[in-house]
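Pasting a structure below so you can have a look.
Just so it is clear, A, B, C and D label the chains in written order, and each chain counts residues from 1 on its own.
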Amino acid sequence: MNFPDVLRDGRLNLRGSCSVCRVCDGTVCSGEVPGMGGKGTGSSFKANVLSLNKYKVNMRTIHDVKDPDTSIHLFGKTLDIPVFAAPVSGTTLNMGGKFTEEEYISWVIKGCLDGGIYPMVGDTAVDSFLIKNLEALKKFDGQGIAIIKPWENKNVIEKIRKAEKAGAFAVGMDIDACGLITLALHGKPVMPKTVEEIKEIVDSTNLPFILKGIMTVDEAKLAVETGADAIVVSNHGGRVLDHTPGVADVLPAIAKAVKGKITILADGGIRNGIDVIKMIALGADAVLIGRPFVMTSFGGQDEGVKIYLDRLKSDIKSAMVLTGCKSIEDIDDRVLYKG
Amino acid sequence: MNFPDVLRDGRLNLRGSCSVCRVCDGTVCSGEVPGMGGKGTGSSFKANVLSLNKYKVNMRTIHDVKDPDTSIHLFGKTLDIPVFAAPVSGTTLNMGGKFTEEEYISWVIKGCLDGGIYPMVGDTAVDSFLIKNLEALKKFDGQGIAIIKPWENKNVIEKIRKAEKAGAFAVGMDIDACGLITLALHGKPVMPKTVEEIKEIVDSTNLPFILKGIMTVDEAKLAVETGADAIVVSNHGGRVLDHTPGVADVLPAIAKAVKGKITILADGGIRNGIDVIKMIALGADAVLIGRPFVMTSFGGQDEGVKIYLDRLKSDIKSAMVLTGCKSIEDIDDRVLYKG
Amino acid sequence: MNFPDVLRDGRLNLRGSCSVCRVCDGTVCSGEVPGMGGKGTGSSFKANVLSLNKYKVNMRTIHDVKDPDTSIHLFGKTLDIPVFAAPVSGTTLNMGGKFTEEEYISWVIKGCLDGGIYPMVGDTAVDSFLIKNLEALKKFDGQGIAIIKPWENKNVIEKIRKAEKAGAFAVGMDIDACGLITLALHGKPVMPKTVEEIKEIVDSTNLPFILKGIMTVDEAKLAVETGADAIVVSNHGGRVLDHTPGVADVLPAIAKAVKGKITILADGGIRNGIDVIKMIALGADAVLIGRPFVMTSFGGQDEGVKIYLDRLKSDIKSAMVLTGCKSIEDIDDRVLYKG
Amino acid sequence: MNFPDVLRDGRLNLRGSCSVCRVCDGTVCSGEVPGMGGKGTGSSFKANVLSLNKYKVNMRTIHDVKDPDTSIHLFGKTLDIPVFAAPVSGTTLNMGGKFTEEEYISWVIKGCLDGGIYPMVGDTAVDSFLIKNLEALKKFDGQGIAIIKPWENKNVIEKIRKAEKAGAFAVGMDIDACGLITLALHGKPVMPKTVEEIKEIVDSTNLPFILKGIMTVDEAKLAVETGADAIVVSNHGGRVLDHTPGVADVLPAIAKAVKGKITILADGGIRNGIDVIKMIALGADAVLIGRPFVMTSFGGQDEGVKIYLDRLKSDIKSAMVLTGCKSIEDIDDRVLYKG
């Protein structure tokens, strides 16, 4: 099995819910929520890709970076490359329904671990989803992170307990899901939260806590106040609010404000090695990648995920050679073309 | 009946006069006047959508806006959301002719009232149009606004009399129709008007008077001089003059000049909740939406209009949560991403 | 016969040499020289349209311009609208060959005169072309202008003599044809010319002399030195050099430098009424329109041209109402939206 | 055989590996590496074309440049036009495999020499490629340049020896190939190099030495330090790193820094005469053209290449007339439109 095979089979197995486009940029699937697209015009999904594309990089070839180190250390773990699989769920609702949630998440978890990185697993209105995700995680010694929706605090804290028992090495909350007001109709309201409410959640666990869904400097500063260990700069893949800027648009100002005070993860539109390097150069400590894990797990199970990660690792390495970066820490804004 | 059904049937029933595109942005129908498109290259229609799209919004999730209030009070009425149905007419000329003017306008009126907002009804060269529109309005206790074309003053005033009798709670004139010089060939000239001429019209009625078709700061100031209660910043849906800027392009300067001195309505390219919020943030007190009422009434009669409005209300609410706005009055330019 | 008929038949009769696109902007025909397109990537043709489109206009409705005057006086003539038909030739080479040069040019001449404006007729490597064009012009009392290619001076002057005899009321030279170096292979070299060489030509006739093909401020000033009566700001429809700016890009600086010292005509991408008004607002005294005369003469002979001009006249008038311009002289940069 | 025939046959003979698009801009083939496209999204290939297109040129017609001189002198040779054929190889891997490497490169070499310019020939992981290329070159008295990949120094120097024996009049290294880390898997590592390492290579030969793959000002200065005779500003046709700027984006700053200290060649997106002139105006001494030699040799063997070069020569001459440039040295930034 090679990468083109994985993509071809992914396209088939996703049954039209995702076209596995040559360039995954939110155009074809615009408005497909449920589905794999961005909300409304799809502009927030597209902005993630476009905002990254706006940055051009300096190609450099006269230097001695012949074998760069792509690894990082975070949350007490070593990652071969500075990448997490983002929490994406809903095989029936969003991915065409050919595979079960358990099949899908097991492939992502195993593929990530085989590929030298760690997965984040997600949560939905149906309680059993998170539980199954945690069961799958437990089979792999809990080598992953659980991301919980912004329910009422006591429910969030209850679910964190379950993640701890499954052995997750970090937990988080995708607070950017707070606009899914239709969940309230099912008696499961999600909601934005004040600093105090988030503090209560952070204080409820000894695990590193990740707050996902920060898109402004003011809220990045509030996130620091909550005591969270990390933020994810994310617009939820463009799936909750149309017409936000792209993650790479807002990342530099956020990094300028809070870099060093809190770990910064970036999530949005990252597809290949140079995208990872750009996000690091713009201020991220590591990145999340979402949709490609759906495509590759649907196309090649855990092997598909592993093949994708091997390619990505090689691509990151090549890009580091061509930009003259010895290590991830060595990546700075010298990489970015200033025009 | 659900929303995709409404759109599918709308597409069928509009018989090619409108393609009910995934994103309604004036591309497919460019030049289709008569029809549902923008004049010439369609650039003024497209500019309405593009000018709104240029503004990006700040997604915020750390706050206590858990249940925002979407309602406003205007012209002595309460609206569930800050939206009016714009005056659009001509089922035969512009909409494929499957339904009569009476059917269409009745559905729009009933759907709006059921959905918690109010309709504006329009006027054309054929006198019977306005009369039928007013008859339809009367059946619903006149719960709407009549917008009259800029005929010679005595004819305008005569028509205002009819609107008053039908019980309309406000009247207006779409002065941006003054470029339809072919109407003069039918002995029904429309024309631009001086401040004095408009004053005469405003003074002829006790109802709130709305001047529709303002696109510059200088004319917004002149509108204040006329004594009108409200302006509609509008390029007539891009249907009278090619190559104007978009409404969202000109709105901020107009709002800066006359906000508080006159009610500001914005009309152009508004499709979903975040578009409404953008227009308010840019200075509008409320907005007009046009083409979607044609699509949804043709697709699902009054029920189609109601389904659209319920979705829109939910979407506005979700967008207010995700931008941290407690109420419509609370929406200001903090919502807008400054880059 | 109505305008859609003219366009439909034009498309058929042009036999694929021109697609008579909904918006004529140089995209479909890019590179088609010979043919009706722009040279190479077609960027210079497209730039003409795009540069005009970049300018947006202020729609105004509160004023007393109820019946604007669209006429101008130039070269001792009165034109109903400030428009000339540009010199375009080559029915066999460029237009699919269905009609003869004589048929085509006669229709353009008659249609223009019937429509209240005047045609320019062109010249090619084959001497008989200009001669036939002049014969056609003579049949209509020479009510037009002859534009001659930049041959060696004695040949240019010889052809001016012929134009005088045909009764043309002005003559000119499209010096922008000087890059057609393949003509030299046929023993008919065209060439750029110095100020002195142009002076000799200007001095050889008592008719008003028009220099067509000025795209820079420095050469506009040189044109004034030559004693010519008018320049045409033109990139030859994008047909001689790829990647020039658009005419509307360079017009304002040229007008600033030489307005009042020489008559300024603008030629490039003008399609409808508001385009004419934009060019005047940017500094032109009148404009040339090219390709639409090919489409409409091929589609409806002289009647097609007349139908087009009637529409254009009505469109100019409507646009003057909607921008508040009493007369062509009254058009200034208040019309242009400043952003 | 005429040029359209060459292109038509090229399209057929390239068997889908290249579509020979109307405008060759990297869109259709994006991601096709192997193949003829740019890496990943193809953005670096596209940036080459787009960066050139951003520059517009001043068309000038009032001057005495009636017969411009298109030739230059470089590396002891006279070139009819300031153009080299870029080193492109891999008929099986990249070009559909219909012709052998020997056939292809012989056609390019002969076509170039017949057309008054010189070819560069390339190198790959398979040693026999360069050897065959050099054999082909030898048949034509070594009238060309050999460009070697950045292997370990001793291997590079060994290959330079072979090029000298074949009679090449200059040699070079495409150091931008250093990111092809998969070559290491075949026991043939390529690598970036320090100034000292490059110096060793430069000092190993008496031939002029060309360093290909410079995209930043800092590395252009380092290139001067190495003692190389020339740099090629190049992103390797966009085939090694996604999201670099275009060559025409970075060329002006590089020229400002090192012009006169080292010969500057530019390679990226050049298709026609005005593109050549733009690159010269931006600071290049001469240019490399790549893909068109593949298309035209596959479409018409050496005759196809010659036909292309004749057209290009004529196009450069016409463009020099229309921009008023007497000679290549005479081309400066007066040619560029400043907006």
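Keep in mind that, in the parts below, a contact is a pair of C-beta atoms (placed from the backbone, for glycine too) under 8 Å apart; a residue touches a chain by one contact, two chains touch by 3 or more.
All figures in this text were calculated on a predicted structure; none of them were measured in a lab.
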Same or different residue numbers at the chain A/chain B copy interface, by half rule: different
When chain B is superposed on chain C by its C-alpha atoms, the rotation angle in degrees, nearest 5: 90
Between chain D and chain C, distance of the C-alpha-averaged centres to the nearest whole Å: 40
Whole-Å gap between the CA centroids of chain B and chain D: 57
Two or more partner chains touched - positions in chain C: none
Contact graph of the chains (line, ring, star, complete, other): ring
Inter-chain touch pairs (all): A-B, A-D, B-C, C-D
Residue numbers on chain D that touch chain A, as the complex places them: 30-31, 40-41, 43, 47, 150, 175-176, 178-182, 189, 191-195, 198, 213-216, 218-219, 222-223, 226, 235, 240-245, 249-250
Chain A partner contacts - residues on chain B that touch it in the complex: 22-23, 53, 55-66, 271-272, 274-275, 278, 314, 317-319, 321-324, 337, 339
